[in-house]
Amino acid sequence: MAGTFAFAISGATAARRRNLDVFGIGALAFTVACGGGIIRDLCIGVIPPAGLANWQYLVVAIIAAGMTVGLYSFVQLLNRPVLFFDAVGLSLFAVTGAQKALHFGHNGEVAVLLGITTAVGGGVIRDILLNRVPIILEKEIYALAALIGALIVVLGDYLNWIPRDWVAVIALGVCFTLRMLALHYHWNLPIPSNDKSDASDKQP
Amino acid sequence: MAGTFAFAISGATAARRRNLDVFGIGALAFTVACGGGIIRDLCIGVIPPAGLANWQYLVVAIIAAGMTVGLYSFVQLLNRPVLFFDAVGLSLFAVTGAQKALHFGHNGEVAVLLGITTAVGGGVIRDILLNRVPIILEKEIYALAALIGALIVVLGDYLNWIPRDWVAVIALGVCFTLRMLALHYHWNLPIPSNDKSDASDKQP
Amino acid sequence: MAGTFAFAISGATAARRRNLDVFGIGALAFTVACGGGIIRDLCIGVIPPAGLANWQYLVVAIIAAGMTVGLYSFVQLLNRPVLFFDAVGLSLFAVTGAQKALHFGHNGEVAVLLGITTAVGGGVIRDILLNRVPIILEKEIYALAALIGALIVVLGDYLNWIPRDWVAVIALGVCFTLRMLALHYHWNLPIPSNDKSDASDKQP
(Lines give C-alpha, C1' and ligand atoms only; values in the text may rest on other atoms or scores of the structure.)
Protein backbone atom coordinates (compact mmCIF):
# COMPACT_ATOMS: atom_id res chain seq x y z
CA MET A 1 0.00 0.00 0.00
CA ALA A 2 2.93 2.35 0.67
CA GLY A 3 4.06 1.65 -2.88
CA THR A 4 0.56 2.20 -4.27
CA PHE A 5 0.39 5.50 -2.42
CA ALA A 6 3.79 6.66 -3.70
CA PHE A 7 2.84 5.73 -7.26
CA ALA A 8 -0.49 7.53 -6.92
CA ILE A 9 1.25 10.65 -5.58
CA SER A 10 3.64 10.57 -8.54
CA GLY A 11 0.73 10.35 -10.98
CA ALA A 12 -1.27 13.08 -9.28
CA THR A 13 1.73 15.40 -9.08
CA ALA A 14 2.57 14.94 -12.75
CA ALA A 15 -1.08 15.57 -13.65
CA ARG A 16 -1.23 18.73 -11.55
CA ARG A 17 1.93 20.08 -13.17
CA ARG A 18 0.26 19.66 -16.55
CA ASN A 19 -2.80 21.62 -15.38
CA LEU A 20 -5.25 18.76 -15.59
CA ASP A 21 -8.54 19.23 -13.75
CA VAL A 22 -9.34 17.45 -10.49
CA PHE A 23 -10.88 14.49 -12.29
CA GLY A 24 -7.75 14.15 -14.43
CA ILE A 25 -5.56 14.25 -11.33
CA GLY A 26 -7.60 11.47 -9.73
CA ALA A 27 -7.61 9.44 -12.93
CA LEU A 28 -3.85 9.67 -13.26
CA ALA A 29 -3.27 8.81 -9.61
CA PHE A 30 -5.36 5.66 -10.06
CA THR A 31 -3.82 4.77 -13.42
CA VAL A 32 -0.23 5.03 -12.23
CA ALA A 33 -1.01 3.08 -9.06
CA CYS A 34 -2.95 0.26 -10.75
CA GLY A 35 -2.13 0.32 -14.47
CA GLY A 36 0.82 -2.06 -14.32
CA GLY A 37 -1.04 -4.56 -12.17
CA ILE A 38 -4.09 -4.48 -14.43
CA ILE A 39 -1.99 -5.31 -17.51
CA ARG A 40 -0.28 -8.13 -15.57
CA ASP A 41 -3.62 -9.57 -14.46
CA LEU A 42 -4.98 -9.49 -18.01
CA CYS A 43 -1.88 -11.36 -19.24
CA ILE A 44 -2.12 -14.11 -16.61
CA GLY A 45 -5.88 -14.44 -16.81
CA VAL A 46 -6.94 -12.93 -13.48
CA ILE A 47 -10.41 -11.63 -14.33
CA PRO A 48 -11.36 -9.07 -13.15
CA PRO A 49 -7.98 -7.46 -12.46
CA ALA A 50 -7.30 -6.91 -8.76
CA GLY A 51 -6.72 -3.18 -9.34
CA LEU A 52 -10.35 -2.84 -10.45
CA ALA A 53 -11.93 -5.21 -7.94
CA ASN A 54 -10.31 -4.19 -4.63
CA TRP A 55 -11.59 -0.91 -3.27
CA GLN A 56 -8.39 -0.33 -1.29
CA TYR A 57 -6.45 0.70 -4.38
CA LEU A 58 -9.12 3.16 -5.43
CA VAL A 59 -9.31 4.69 -1.96
CA VAL A 60 -5.54 5.06 -1.71
CA ALA A 61 -5.44 6.70 -5.13
CA ILE A 62 -8.24 9.11 -4.24
CA ILE A 63 -6.54 10.06 -0.96
CA ALA A 64 -3.27 10.65 -2.81
CA ALA A 65 -5.05 12.77 -5.43
CA GLY A 66 -6.90 14.70 -2.71
CA MET A 67 -3.66 15.45 -0.90
CA THR A 68 -2.04 16.59 -4.11
CA VAL A 69 -4.93 18.96 -4.80
CA GLY A 70 -5.46 20.24 -1.25
CA LEU A 71 -2.04 20.06 0.33
CA TYR A 72 0.24 20.65 -2.61
CA SER A 73 2.96 22.53 -0.73
CA PHE A 74 3.02 19.66 1.75
CA VAL A 75 3.25 17.12 -1.06
CA GLN A 76 6.13 19.06 -2.56
CA LEU A 77 7.94 18.82 0.76
CA LEU A 78 7.36 15.10 0.44
CA ASN A 79 9.46 15.00 -2.72
CA ARG A 80 12.31 13.11 -1.11
CA PRO A 81 10.04 10.73 0.83
CA VAL A 82 8.05 10.13 -2.34
CA LEU A 83 11.18 9.06 -4.20
CA PHE A 84 11.88 6.77 -1.26
CA PHE A 85 8.38 5.26 -1.34
CA ASP A 86 8.51 5.11 -5.11
CA ALA A 87 11.58 2.90 -4.80
CA VAL A 88 9.72 0.84 -2.19
CA GLY A 89 6.78 0.53 -4.58
CA LEU A 90 9.03 -0.37 -7.49
CA SER A 91 10.60 -3.20 -5.50
CA LEU A 92 7.31 -4.47 -4.07
CA PHE A 93 5.51 -4.38 -7.41
CA ALA A 94 8.36 -6.12 -9.26
CA VAL A 95 8.63 -8.90 -6.67
CA THR A 96 4.92 -9.47 -6.12
CA GLY A 97 4.25 -9.23 -9.86
CA ALA A 98 6.78 -11.99 -10.56
CA GLN A 99 5.47 -14.09 -7.65
CA LYS A 100 1.88 -13.78 -8.81
CA ALA A 101 2.79 -14.92 -12.34
CA LEU A 102 4.68 -17.94 -10.95
CA HIS A 103 1.83 -18.67 -8.55
CA PHE A 104 -0.58 -18.90 -11.49
CA GLY A 105 1.66 -21.52 -13.07
CA HIS A 106 3.43 -19.47 -15.71
CA ASN A 107 7.06 -19.90 -16.67
CA GLY A 108 10.03 -17.84 -15.56
CA GLU A 109 10.15 -15.61 -18.61
CA VAL A 110 6.53 -14.61 -18.18
CA ALA A 111 7.21 -13.92 -14.50
CA VAL A 112 10.20 -11.68 -15.18
CA LEU A 113 8.48 -9.75 -17.97
CA LEU A 114 5.30 -9.28 -15.95
CA GLY A 115 7.28 -8.34 -12.82
CA ILE A 116 8.79 -5.46 -14.81
CA THR A 117 5.40 -4.63 -16.33
CA THR A 118 3.75 -4.44 -12.91
CA ALA A 119 6.49 -2.18 -11.62
CA VAL A 120 6.83 0.24 -14.53
CA GLY A 121 3.55 -0.12 -16.45
CA GLY A 122 1.73 2.55 -14.49
CA GLY A 123 4.49 5.08 -15.06
CA VAL A 124 4.61 4.32 -18.78
CA ILE A 125 0.83 4.85 -19.09
CA ARG A 126 1.18 8.12 -17.15
CA ASP A 127 3.76 9.40 -19.60
CA ILE A 128 1.71 8.27 -22.62
CA LEU A 129 -1.35 10.11 -21.27
CA LEU A 130 0.72 13.22 -20.57
CA ASN A 131 2.06 13.01 -24.10
CA ARG A 132 5.76 12.50 -23.49
CA VAL A 133 8.30 9.76 -24.11
CA PRO A 134 8.25 7.46 -21.06
CA ILE A 135 11.00 8.55 -18.69
CA ILE A 136 12.00 5.01 -17.88
CA LEU A 137 13.13 4.53 -21.47
CA GLU A 138 15.39 7.54 -21.32
CA LYS A 139 17.17 7.89 -18.04
CA GLU A 140 18.31 6.40 -14.79
CA ILE A 141 18.27 2.85 -13.65
CA TYR A 142 14.63 2.19 -12.95
CA ALA A 143 13.23 -0.63 -15.03
CA LEU A 144 16.58 -2.40 -14.75
CA ALA A 145 16.20 -2.55 -10.96
CA ALA A 146 12.74 -4.06 -11.42
CA LEU A 147 14.18 -6.56 -13.92
CA ILE A 148 16.83 -7.68 -11.44
CA GLY A 149 14.32 -7.96 -8.60
CA ALA A 150 11.98 -10.09 -10.71
CA LEU A 151 14.90 -12.19 -11.95
CA ILE A 152 15.98 -13.01 -8.39
CA VAL A 153 12.44 -14.18 -7.58
CA VAL A 154 12.40 -16.47 -10.61
CA LEU A 155 15.92 -17.84 -10.03
CA GLY A 156 15.09 -18.48 -6.38
CA ASP A 157 12.01 -20.37 -7.45
CA TYR A 158 13.95 -22.54 -9.91
CA LEU A 159 16.99 -23.27 -7.75
CA ASN A 160 14.85 -23.73 -4.66
CA TRP A 161 17.90 -23.51 -2.37
CA ILE A 162 16.35 -21.26 0.25
CA PRO A 163 12.79 -20.61 1.40
CA ARG A 164 10.67 -18.48 -0.89
CA ASP A 165 10.18 -15.73 1.68
CA TRP A 166 13.91 -15.26 2.00
CA VAL A 167 14.20 -15.00 -1.77
CA ALA A 168 11.55 -12.31 -1.75
CA VAL A 169 13.39 -10.36 0.94
CA ILE A 170 16.66 -10.57 -0.98
CA ALA A 171 14.95 -9.53 -4.23
CA LEU A 172 13.28 -6.59 -2.51
CA GLY A 173 16.54 -5.53 -0.91
CA VAL A 174 18.58 -5.71 -4.11
CA CYS A 175 15.99 -3.90 -6.21
CA PHE A 176 15.48 -1.17 -3.61
CA THR A 177 19.20 -0.67 -2.96
CA LEU A 178 20.00 -0.51 -6.66
CA ARG A 179 17.29 2.09 -7.25
CA MET A 180 18.35 4.26 -4.31
CA LEU A 181 22.01 4.11 -5.34
CA ALA A 182 21.05 5.02 -8.91
CA LEU A 183 19.05 7.98 -7.62
CA HIS A 184 21.83 9.15 -5.32
CA TYR A 185 24.69 8.85 -7.78
CA HIS A 186 22.60 9.68 -10.86
CA TRP A 187 23.52 6.44 -12.52
CA ASN A 188 22.33 6.21 -16.09
CA LEU A 189 22.51 3.47 -18.61
CA PRO A 190 24.65 4.34 -21.62
CA ILE A 191 22.96 6.09 -24.52
CA PRO A 192 24.53 5.18 -27.85
CA SER A 193 25.77 8.32 -29.54
CA ASN A 194 24.40 9.26 -32.95
CA ASP A 195 27.30 10.56 -35.04
CA LYS A 196 25.53 9.82 -38.28
CA SER A 197 22.73 12.22 -38.93
CA ASP A 198 19.57 10.22 -39.32
CA ALA A 199 18.37 10.33 -42.86
CA SER A 200 14.78 9.20 -42.78
CA ASP A 201 13.02 8.84 -39.45
CA LYS A 202 9.78 8.14 -41.21
CA GLN A 203 9.95 4.61 -42.56
CA PRO A 204 7.80 2.20 -40.56
CA MET B 1 -25.95 2.44 -32.38
CA ALA B 2 -26.60 6.19 -32.39
CA GLY B 3 -23.89 6.48 -29.78
CA THR B 4 -21.51 4.29 -31.76
CA PHE B 5 -22.14 6.44 -34.81
CA ALA B 6 -21.53 9.69 -32.94
CA PHE B 7 -18.32 8.33 -31.45
CA ALA B 8 -17.17 7.11 -34.87
CA ILE B 9 -17.90 10.53 -36.40
CA SER B 10 -15.88 12.20 -33.66
CA GLY B 11 -12.94 9.87 -34.34
CA ALA B 12 -13.11 10.30 -38.10
CA THR B 13 -13.40 14.08 -37.84
CA ALA B 14 -10.41 14.34 -35.51
CA ALA B 15 -8.40 12.08 -37.86
CA ARG B 16 -9.31 14.16 -40.89
CA ARG B 17 -8.27 17.37 -39.16
CA ARG B 18 -4.85 15.81 -38.54
CA ASN B 19 -4.52 14.91 -42.25
CA LEU B 20 -4.54 11.17 -41.77
CA ASP B 21 -5.16 9.11 -44.89
CA VAL B 22 -8.46 7.35 -45.53
CA PHE B 23 -7.31 4.19 -43.78
CA GLY B 24 -6.32 6.22 -40.73
CA ILE B 25 -9.71 7.92 -40.72
CA GLY B 26 -11.46 4.56 -40.79
CA ALA B 27 -9.16 3.12 -38.14
CA LEU B 28 -9.82 6.05 -35.81
CA ALA B 29 -13.56 5.91 -36.36
CA PHE B 30 -13.56 2.24 -35.39
CA THR B 31 -11.19 2.73 -32.46
CA VAL B 32 -13.16 5.54 -30.89
CA ALA B 33 -16.45 3.68 -31.35
CA CYS B 34 -15.23 0.33 -30.02
CA GLY B 35 -12.04 0.91 -28.02
CA GLY B 36 -13.70 1.48 -24.66
CA GLY B 37 -15.93 -1.56 -25.03
CA ILE B 38 -13.02 -3.79 -26.05
CA ILE B 39 -11.03 -2.84 -22.94
CA ARG B 40 -14.12 -3.48 -20.79
CA ASP B 41 -14.68 -6.90 -22.37
CA LEU B 42 -11.05 -7.89 -21.82
CA CYS B 43 -11.34 -6.89 -18.14
CA ILE B 44 -14.51 -8.91 -17.54
CA GLY B 45 -13.40 -11.91 -19.58
CA VAL B 46 -15.70 -11.60 -22.61
CA ILE B 47 -13.59 -13.28 -25.29
CA PRO B 48 -13.62 -12.21 -28.06
CA PRO B 49 -14.67 -8.62 -27.31
CA ALA B 50 -18.06 -7.72 -28.78
CA GLY B 51 -16.53 -4.78 -30.66
CA LEU B 52 -14.45 -7.20 -32.70
CA ALA B 53 -17.04 -9.94 -33.13
CA ASN B 54 -20.18 -8.01 -34.13
CA TRP B 55 -20.07 -6.72 -37.67
CA GLN B 56 -22.57 -3.96 -36.87
CA TYR B 57 -19.97 -1.86 -35.08
CA LEU B 58 -17.53 -2.16 -37.95
CA VAL B 59 -20.20 -1.23 -40.51
CA VAL B 60 -21.32 1.80 -38.51
CA ALA B 61 -17.72 2.95 -38.14
CA ILE B 62 -17.04 2.55 -41.87
CA ILE B 63 -20.20 4.49 -42.76
CA ALA B 64 -19.21 7.25 -40.37
CA ALA B 65 -15.70 7.37 -41.83
CA GLY B 66 -17.07 7.36 -45.37
CA MET B 67 -19.38 10.26 -44.58
CA THR B 68 -16.53 12.19 -43.03
CA VAL B 69 -14.41 11.67 -46.14
CA GLY B 70 -17.10 12.21 -48.75
CA LEU B 71 -19.52 14.60 -47.15
CA TYR B 72 -17.27 16.64 -44.92
CA SER B 73 -19.14 19.92 -45.22
CA PHE B 74 -22.32 18.05 -44.31
CA VAL B 75 -20.59 16.45 -41.32
CA GLN B 76 -19.41 19.86 -40.19
CA LEU B 77 -22.99 21.05 -40.25
CA LEU B 78 -23.68 18.08 -38.01
CA ASN B 79 -21.39 19.52 -35.35
CA ARG B 80 -24.21 20.35 -32.96
CA PRO B 81 -26.10 17.10 -33.59
CA VAL B 82 -22.85 15.20 -33.14
CA LEU B 83 -22.33 16.73 -29.73
CA PHE B 84 -25.89 15.72 -28.95
CA PHE B 85 -25.35 12.13 -30.10
CA ASP B 86 -21.99 12.08 -28.39
CA ALA B 87 -23.78 12.83 -25.12
CA VAL B 88 -26.29 10.10 -25.98
CA GLY B 89 -23.41 7.71 -26.63
CA LEU B 90 -21.65 8.70 -23.44
CA SER B 91 -24.76 7.97 -21.40
CA LEU B 92 -25.56 4.70 -23.17
CA PHE B 93 -21.99 3.40 -22.99
CA ALA B 94 -21.61 4.29 -19.31
CA VAL B 95 -24.91 2.63 -18.35
CA THR B 96 -24.57 -0.48 -20.51
CA GLY B 97 -20.90 -0.86 -19.54
CA ALA B 98 -21.79 -0.88 -15.86
CA GLN B 99 -24.74 -3.21 -16.46
CA LYS B 100 -22.60 -5.67 -18.43
CA ALA B 101 -19.98 -5.82 -15.66
CA LEU B 102 -22.69 -6.46 -13.03
CA HIS B 103 -24.33 -9.04 -15.30
CA PHE B 104 -21.06 -10.99 -15.46
CA GLY B 105 -21.02 -11.15 -11.69
CA HIS B 106 -18.47 -8.47 -10.86
CA ASN B 107 -18.73 -6.11 -7.92
CA GLY B 108 -19.91 -2.53 -7.89
CA GLU B 109 -16.46 -0.96 -8.05
CA VAL B 110 -15.58 -2.94 -11.17
CA ALA B 111 -18.91 -1.91 -12.70
CA VAL B 112 -18.40 1.79 -12.04
CA LEU B 113 -14.80 1.80 -13.26
CA LEU B 114 -15.65 -0.18 -16.39
CA GLY B 115 -18.73 1.95 -17.06
CA ILE B 116 -16.45 4.98 -17.21
CA THR B 117 -13.91 3.05 -19.27
CA THR B 118 -16.52 2.02 -21.82
CA ALA B 119 -17.75 5.58 -22.14
CA VAL B 120 -14.44 7.43 -22.35
CA GLY B 121 -11.90 4.75 -23.37
CA GLY B 122 -12.38 5.27 -27.09
CA GLY B 123 -11.83 9.01 -26.79
CA VAL B 124 -8.71 8.53 -24.71
CA ILE B 125 -7.24 6.13 -27.29
CA ARG B 126 -8.12 8.63 -30.04
CA ASP B 127 -6.18 11.37 -28.27
CA ILE B 128 -3.22 9.07 -27.57
CA LEU B 129 -3.06 8.09 -31.25
CA LEU B 130 -3.31 11.73 -32.33
CA ASN B 131 -0.52 12.53 -29.91
CA ARG B 132 -2.21 14.90 -27.50
CA VAL B 133 -3.18 14.88 -23.84
CA PRO B 134 -6.65 13.32 -23.59
CA ILE B 135 -9.22 16.08 -23.58
CA ILE B 136 -11.34 14.42 -20.92
CA LEU B 137 -8.49 14.87 -18.43
CA GLU B 138 -8.33 18.58 -19.07
CA LYS B 139 -11.69 20.15 -19.54
CA GLU B 140 -15.42 20.02 -19.16
CA ILE B 141 -17.54 17.57 -17.28
CA TYR B 142 -17.40 14.47 -19.41
CA ALA B 143 -15.97 11.51 -17.55
CA LEU B 144 -17.68 12.77 -14.39
CA ALA B 145 -21.08 12.44 -16.10
CA ALA B 146 -20.17 8.86 -17.05
CA LEU B 147 -19.07 8.19 -13.48
CA ILE B 148 -22.38 9.40 -12.09
CA GLY B 149 -24.38 7.40 -14.63
CA ALA B 150 -22.47 4.20 -13.81
CA LEU B 151 -22.78 4.91 -10.08
CA ILE B 152 -26.56 5.19 -10.32
CA VAL B 153 -26.72 1.80 -12.07
CA VAL B 154 -24.64 0.19 -9.33
CA LEU B 155 -26.54 1.84 -6.47
CA GLY B 156 -29.84 0.84 -8.06
CA ASP B 157 -28.60 -2.72 -8.27
CA TYR B 158 -27.57 -2.79 -4.60
CA LEU B 159 -30.57 -1.04 -3.12
CA ASN B 160 -32.96 -2.87 -5.40
CA TRP B 161 -35.80 -0.46 -4.59
CA ILE B 162 -37.07 -0.02 -8.12
CA PRO B 163 -36.95 -2.20 -11.25
CA ARG B 164 -33.63 -2.32 -13.04
CA ASP B 165 -35.02 -0.80 -16.23
CA TRP B 166 -36.17 2.27 -14.35
CA VAL B 167 -32.74 2.61 -12.81
CA ALA B 168 -31.21 2.50 -16.27
CA VAL B 169 -33.58 5.20 -17.50
CA ILE B 170 -32.76 7.42 -14.54
CA ALA B 171 -29.01 6.86 -14.96
CA LEU B 172 -29.25 7.64 -18.68
CA GLY B 173 -31.25 10.78 -18.00
CA VAL B 174 -28.96 12.12 -15.30
CA CYS B 175 -25.77 11.42 -17.26
CA PHE B 176 -27.16 12.92 -20.46
CA THR B 177 -28.61 16.00 -18.74
CA LEU B 178 -25.41 16.66 -16.84
CA ARG B 179 -23.33 16.44 -20.01
CA MET B 180 -25.66 18.71 -21.99
CA LEU B 181 -25.74 21.28 -19.20
CA ALA B 182 -21.95 21.15 -18.95
CA LEU B 183 -21.70 21.71 -22.69
CA HIS B 184 -24.17 24.56 -22.67
CA TYR B 185 -22.79 26.42 -19.68
CA HIS B 186 -19.15 25.42 -20.28
CA TRP B 187 -18.89 23.88 -16.86
CA ASN B 188 -15.38 22.82 -15.99
CA LEU B 189 -13.99 21.07 -13.01
CA PRO B 190 -11.56 23.19 -11.03
CA ILE B 191 -7.91 23.11 -12.06
CA PRO B 192 -5.59 23.60 -9.10
CA SER B 193 -3.41 26.63 -9.72
CA ASN B 194 0.35 26.22 -9.79
CA ASP B 195 1.85 29.21 -7.99
CA LYS B 196 5.05 27.41 -7.26
CA SER B 197 7.18 26.96 -10.31
CA ASP B 198 7.78 23.28 -10.73
CA ALA B 199 11.37 22.45 -10.06
CA SER B 200 11.95 19.04 -11.57
CA ASP B 201 9.34 17.57 -13.86
CA LYS B 202 11.58 14.70 -14.69
CA GLN B 203 11.70 12.38 -11.72
CA PRO B 204 9.76 9.19 -12.35
CA MET C 1 11.41 -15.24 -36.97
CA ALA C 2 12.76 -13.18 -39.87
CA GLY C 3 9.72 -10.96 -39.44
CA THR C 4 10.22 -10.73 -35.69
CA PHE C 5 13.83 -9.76 -36.26
CA ALA C 6 12.95 -7.07 -38.80
CA PHE C 7 10.29 -5.63 -36.49
CA ALA C 8 12.74 -5.66 -33.57
CA ILE C 9 15.38 -3.88 -35.68
CA SER C 10 12.84 -1.23 -36.65
CA GLY C 11 11.93 -0.67 -32.99
CA ALA C 12 15.55 -0.54 -31.83
CA THR C 13 16.55 1.82 -34.63
CA ALA C 14 13.70 4.21 -33.89
CA ALA C 15 14.59 4.11 -30.17
CA ARG C 16 18.26 4.83 -30.87
CA ARG C 17 17.37 7.80 -33.05
CA ARG C 18 15.40 9.25 -30.15
CA ASN C 19 18.41 8.85 -27.82
CA LEU C 20 16.85 6.29 -25.54
CA ASP C 21 19.23 4.37 -23.29
CA VAL C 22 20.18 0.76 -23.94
CA PHE C 23 17.31 -0.53 -21.82
CA GLY C 24 14.88 1.61 -23.80
CA ILE C 25 16.29 0.28 -27.04
CA GLY C 26 15.82 -3.30 -25.87
CA ALA C 27 12.33 -2.55 -24.58
CA LEU C 28 11.26 -1.01 -27.88
CA ALA C 29 12.75 -3.86 -29.91
CA PHE C 30 10.73 -6.35 -27.86
CA THR C 31 7.58 -4.24 -27.89
CA VAL C 32 7.52 -3.76 -31.65
CA ALA C 33 8.28 -7.44 -32.27
CA CYS C 34 5.70 -8.82 -29.82
CA GLY C 35 3.19 -6.06 -29.03
CA GLY C 36 0.75 -6.87 -31.82
CA GLY C 37 0.76 -10.57 -31.05
CA ILE C 38 0.22 -9.96 -27.33
CA ILE C 39 -2.87 -7.83 -27.99
CA ARG C 40 -4.19 -10.50 -30.37
CA ASP C 41 -3.64 -13.26 -27.80
CA LEU C 42 -5.44 -11.25 -25.10
CA CYS C 43 -8.40 -10.76 -27.45
CA ILE C 44 -8.70 -14.46 -28.34
CA GLY C 45 -8.05 -15.69 -24.81
CA VAL C 46 -4.58 -17.22 -25.22
CA ILE C 47 -3.20 -16.84 -21.70
CA PRO C 48 -0.34 -16.17 -21.29
CA PRO C 49 0.34 -14.49 -24.64
CA ALA C 50 2.88 -16.37 -26.74
CA GLY C 51 5.08 -13.28 -26.99
CA LEU C 52 5.62 -13.40 -23.23
CA ALA C 53 5.88 -17.18 -22.85
CA ASN C 54 8.25 -18.18 -25.67
CA TRP C 55 11.85 -17.23 -25.02
CA GLN C 56 12.66 -17.18 -28.75
CA TYR C 57 10.94 -13.82 -29.25
CA LEU C 58 12.81 -12.26 -26.37
CA VAL C 59 16.16 -13.60 -27.59
CA VAL C 60 15.56 -12.36 -31.13
CA ALA C 61 14.60 -8.91 -29.80
CA ILE C 62 17.69 -8.74 -27.58
CA ILE C 63 19.95 -9.74 -30.48
CA ALA C 64 18.35 -7.10 -32.68
CA ALA C 65 18.76 -4.47 -29.96
CA GLY C 66 22.37 -5.52 -29.37
CA MET C 67 23.16 -5.23 -33.07
CA THR C 68 21.54 -1.81 -33.21
CA VAL C 69 23.66 -0.64 -30.28
CA GLY C 70 26.94 -2.27 -31.22
CA LEU C 71 26.87 -2.40 -35.00
CA TYR C 72 24.84 0.68 -35.86
CA SER C 73 26.63 1.53 -39.09
CA PHE C 74 26.08 -2.06 -40.20
CA VAL C 75 22.39 -1.86 -39.27
CA GLN C 76 22.08 1.35 -41.27
CA LEU C 77 23.47 -0.46 -44.28
CA LEU C 78 20.70 -2.97 -43.65
CA ASN C 79 18.09 -0.29 -44.26
CA ARG C 80 16.94 -1.79 -47.53
CA PRO C 81 17.03 -5.39 -46.31
CA VAL C 82 15.17 -4.29 -43.20
CA LEU C 83 12.37 -2.83 -45.29
CA PHE C 84 12.35 -6.13 -47.17
CA PHE C 85 12.14 -8.18 -43.96
CA ASP C 86 9.64 -5.74 -42.54
CA ALA C 87 7.38 -6.52 -45.50
CA VAL C 88 8.01 -10.23 -44.88
CA GLY C 89 7.10 -9.76 -41.23
CA LEU C 90 4.00 -7.75 -42.09
CA SER C 91 2.75 -10.52 -44.38
CA LEU C 92 3.60 -13.35 -41.98
CA PHE C 93 2.07 -11.61 -38.97
CA ALA C 94 -1.12 -10.68 -40.84
CA VAL C 95 -1.63 -14.21 -42.17
CA THR C 96 -0.69 -16.11 -39.00
CA GLY C 97 -2.66 -13.68 -36.86
CA ALA C 98 -5.80 -14.30 -38.91
CA GLN C 99 -5.17 -18.06 -38.93
CA LYS C 100 -4.70 -18.18 -35.17
CA ALA C 101 -7.97 -16.34 -34.57
CA LEU C 102 -9.84 -18.74 -36.91
CA HIS C 103 -8.10 -21.70 -35.29
CA PHE C 104 -9.44 -20.65 -31.89
CA GLY C 105 -12.96 -20.68 -33.33
CA HIS C 106 -13.59 -16.99 -33.82
CA ASN C 107 -15.50 -15.54 -36.75
CA GLY C 108 -14.10 -13.96 -39.88
CA GLU C 109 -14.40 -10.38 -38.73
CA VAL C 110 -12.41 -11.10 -35.58
CA ALA C 111 -9.80 -12.88 -37.71
CA VAL C 112 -9.40 -9.97 -40.13
CA LEU C 113 -9.26 -7.33 -37.39
CA LEU C 114 -6.78 -9.33 -35.33
CA GLY C 115 -4.68 -10.16 -38.40
CA ILE C 116 -4.23 -6.42 -38.93
CA THR C 117 -3.65 -5.89 -35.21
CA THR C 118 -0.92 -8.53 -35.11
CA ALA C 119 0.78 -7.02 -38.12
CA VAL C 120 0.65 -3.33 -37.22
CA GLY C 121 0.09 -3.31 -33.43
CA GLY C 122 3.76 -3.35 -32.54
CA GLY C 123 4.49 -0.40 -34.81
CA VAL C 124 1.60 1.59 -33.40
CA ILE C 125 2.81 1.00 -29.82
CA ARG C 126 6.32 2.04 -30.91
CA ASP C 127 5.01 5.34 -32.24
CA ILE C 128 2.88 5.95 -29.15
CA LEU C 129 5.88 5.37 -26.89
CA LEU C 130 8.04 7.65 -29.03
CA ASN C 131 5.32 10.27 -28.80
CA ARG C 132 4.30 10.66 -32.42
CA VAL C 133 1.23 9.97 -34.52
CA PRO C 134 1.45 6.37 -35.75
CA ILE C 135 2.99 6.38 -39.20
CA ILE C 136 0.63 3.73 -40.50
CA LEU C 137 -2.27 6.14 -40.06
CA GLU C 138 -0.59 8.79 -42.16
CA LYS C 139 1.23 7.38 -45.11
CA GLU C 140 1.87 4.55 -47.49
CA ILE C 141 -0.01 1.36 -47.97
CA TYR C 142 0.93 -0.67 -44.95
CA ALA C 143 -2.04 -1.62 -42.85
CA LEU C 144 -4.07 -1.98 -46.04
CA ALA C 145 -1.71 -4.71 -47.24
CA ALA C 146 -2.18 -6.50 -43.91
CA LEU C 147 -5.94 -6.10 -44.23
CA ILE C 148 -5.95 -7.69 -47.66
CA GLY C 149 -3.69 -10.54 -46.55
CA ALA C 150 -5.93 -11.32 -43.57
CA LEU C 151 -9.03 -11.02 -45.74
CA ILE C 152 -7.71 -13.60 -48.19
CA VAL C 153 -7.12 -16.04 -45.32
CA VAL C 154 -10.68 -15.59 -44.07
CA LEU C 155 -12.25 -15.82 -47.52
CA GLY C 156 -10.23 -18.92 -48.27
CA ASP C 157 -11.46 -20.45 -45.03
CA TYR C 158 -15.10 -19.69 -45.85
CA LEU C 159 -15.12 -20.69 -49.50
CA ASN C 160 -12.95 -23.71 -48.84
CA TRP C 161 -12.18 -24.15 -52.55
CA ILE C 162 -8.49 -24.84 -52.20
CA PRO C 163 -6.33 -26.26 -49.40
CA ARG C 164 -5.62 -23.93 -46.50
CA ASP C 165 -1.87 -23.94 -47.06
CA TRP C 166 -2.35 -22.67 -50.60
CA VAL C 167 -4.57 -19.92 -49.32
CA ALA C 168 -1.86 -18.91 -46.87
CA VAL C 169 0.75 -18.84 -49.64
CA ILE C 170 -1.50 -16.68 -51.84
CA ALA C 171 -2.29 -14.33 -48.94
CA LEU C 172 1.40 -13.98 -48.09
CA GLY C 173 2.28 -13.32 -51.71
CA VAL C 174 -0.40 -10.70 -52.27
CA CYS C 175 0.32 -8.87 -49.03
CA PHE C 176 4.08 -8.89 -49.58
CA THR C 177 3.85 -7.84 -53.22
CA LEU C 178 1.44 -5.02 -52.45
CA ARG C 179 3.70 -3.69 -49.71
CA MET C 180 6.84 -3.87 -51.87
CA LEU C 181 5.10 -2.16 -54.78
CA ALA C 182 3.80 0.54 -52.45
CA LEU C 183 7.32 1.09 -51.12
CA HIS C 184 8.86 1.21 -54.57
CA TYR C 185 6.32 3.51 -56.18
CA HIS C 186 5.56 5.49 -52.99
CA TRP C 187 1.91 4.66 -53.20
CA ASN C 188 -0.16 6.53 -50.66
CA LEU C 189 -3.80 6.38 -49.84
CA PRO C 190 -5.63 9.62 -50.54
CA ILE C 191 -5.69 12.23 -47.78
CA PRO C 192 -8.88 14.30 -47.88
CA SER C 193 -7.96 17.95 -48.28
CA ASN C 194 -9.06 20.42 -45.64
CA ASP C 195 -10.18 23.58 -47.43
CA LYS C 196 -12.25 24.69 -44.53
CA SER C 197 -10.12 25.88 -41.67
CA ASP C 198 -10.99 23.82 -38.64
CA ALA C 199 -12.81 25.91 -36.14
CA SER C 200 -12.66 24.00 -32.88
CA ASP C 201 -10.30 21.06 -32.59
CA LYS C 202 -11.08 20.75 -28.93
CA GLN C 203 -14.53 19.32 -28.60
CA PRO C 204 -14.48 15.68 -27.50
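By letter and in written order, the chains are A, B and C; residue numbering begins at 1 in each of them.
We adopt the following convention: a residue touches a chain if its C-beta (ideal position, glycine included) is under 8 Å from a C-beta of that chain, and two chains touch if they have at least 3 such contacts.
The chain lineup, named per UniProt: A, B, C = Putative membrane protein YeiH.
Small disclaimer: the values here were computed from a predicted structure and weren't measured.
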{"item": "Same-residue or different-residue interface between chain A and chain B, half as cut-off", "value": "different"}
{"item": "Between chain B and its twin chain C, rotation from the CA superposition, multiple of 5 degrees", "value": "120"}
{"item": "Cα-centroid distance, chain A relative to chain B, in whole angstrom", "value": "27"}
{"item": "Residues of chain C engaged with two or more neighbouring chains", "value": "42, 128, 131, 136, 139"}
{"item": "Of all residues in chain A, those that touch chain C in their complex", "value": "42-45, 101, 106-107, 109-110, 113-114, 124, 128, 131-134, 136-139, 143-144, 188-192, 194, 196, 198, 201-204"}
{"item": "Touching residues on chain C, where the partner in the complex is chain A", "value": "10, 14-25, 27-28, 38, 42, 47-49, 52-55, 58, 68-69, 72-73, 76, 79, 83, 86, 123, 128-131, 135-136, 139-140, 142"}
